[in-house]
Amino acid sequence: MPHSPEEKKRVLTRVRRIRGQAEALERALEAGADCAPVLQQIAAIRGAVNGLMSEVMEAHLRETFGQPATSDTDRQARIAEMTGLLRSYLK
Amino acid sequence: MPHSPEEKKRVLTRVRRIRGQAEALERALEAGADCAPVLQQIAAIRGAVNGLMSEVMEAHLRETFGQPATSDTDRQARIAEMTGLLRSYLK
Amino acid sequence: MPHSPEEKKRVLTRVRRIRGQAEALERALEAGADCAPVLQQIAAIRGAVNGLMSEVMEAHLRETFGQPATSDTDRQARIAEMTGLLRSYLK
Amino acid sequence: MPHSPEEKKRVLTRVRRIRGQAEALERALEAGADCAPVLQQIAAIRGAVNGLMSEVMEAHLRETFGQPATSDTDRQARIAEMTGLLRSYLK
């Protein structure tokens, strides 16, 4: 997870960007930044984390259903796993 | 959509409950209810709508992947449709 | 809650619209509508409910802080009540 | 922003924890972790960022309304600023 080298690189780039945003926010707080820019930076990190969640969920859906099921039991198990992840992590 | 009679009944029950909650909130506001109970009723409707969204999304996922794909093109089209819906409606 | 006749009218209009949207969704489901339009209607109701929550929260903030506090104790109690509501209902 | 040394310390601790979570996720991805634990880590970061947003918003509310307004104009300006921030950053 993620599965292809390209997907892995894309997801890692997103995570590194989030780390960089957190570091920048830390510096801003230490320098006593005002509330409005601080809230803006937090909202940007929140958006980046939501984007990361969607990207990883979509990659997993492609992985889960990208190959033919070996049986109906296998098919139903894949569906159950995916609906469970949706219920846990997406609203 | 939804697909089986049971699923359709479950989804309709949820929608009717939401309608009933909206009617109850309307009566409470007309009667001049306080802010805290009004916010609580709105939060309950929000939770019910999120639950409805998840139920319909999961039903569609079962429908989309519940039968073998007819070709790899068909398989990829199903995946693209599902990831598009996830991106549009779930965070 | 809400406090002025104009605010009360605005909030009631929003609630009636949400009820109307739920009734329209019920009819669409009974008529066997496809998944995409059903998800779109649910997302519209979700947006309307979030808008209603924001409107009521803002009205309450205006009500809570619109008049001078009678004492510092009164001021701190108002702040505690408002932060409690934010924590419960907004993310 | 944040205002008291204690608040500043609390907010900085939260931000550093988020940075640490991002670093841990980066290592997990590089090590080829499975999807379920990756999604769980992302959800934990999302929760931490939502908690940070709430903490900073509440601190700002305390700051904004913690002292008596100098005039009704001042009072209305504070309310307008706060409702604007709520609308931008909280749902």
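The first chain written gets the first letter, and so on, giving A, B, C and D; residue counts start at 1 in each chain.
We adopt the following convention: a residue touches a chain if its C-beta (ideal position, glycine included) is under 8 Å from a C-beta of that chain, and two chains touch if they have at least 3 such contacts.
These are the chains along with the protein names UniProt gives them: A, B, C, D = Formaldehyde-responsive transcriptional repressor FrmR.
Source: prediction; values computed, not measured.
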| item | value |
| --- | --- |
| Equivalent interface to B-C, taken from A-B, A-D or C-D so that over half of the residue contact pairs match | A-D |
| Centroid spacing, where centroids are CA-atom means, of chain C and chain D in whole angstrom | 22 |
| Between chain A and chain C, centroid-to-centroid distance (C-alpha), Å | 29 |
| Multi-partner residues of chain D (at least 2 other chains) | 50, 53, 57 |
| Topology of the chain contact graph, where touching chains are joined (line, ring, star, complete, other) | ring |
| Chain C - residues contacting chain B, complex | 1-2, 8, 11-12, 15-16, 18-19, 22-23, 25-26, 29-30, 32-36, 38-39, 42-43, 45-46, 49-50, 52-53, 56-57, 59-60, 63, 85, 88-89 |
| Partner chain D, residues of chain C touching it in the complex | 50, 53-54, 57-58, 61-62, 65-66, 68-69, 75-76, 78-79, 82-83, 86-87, 90-91 |
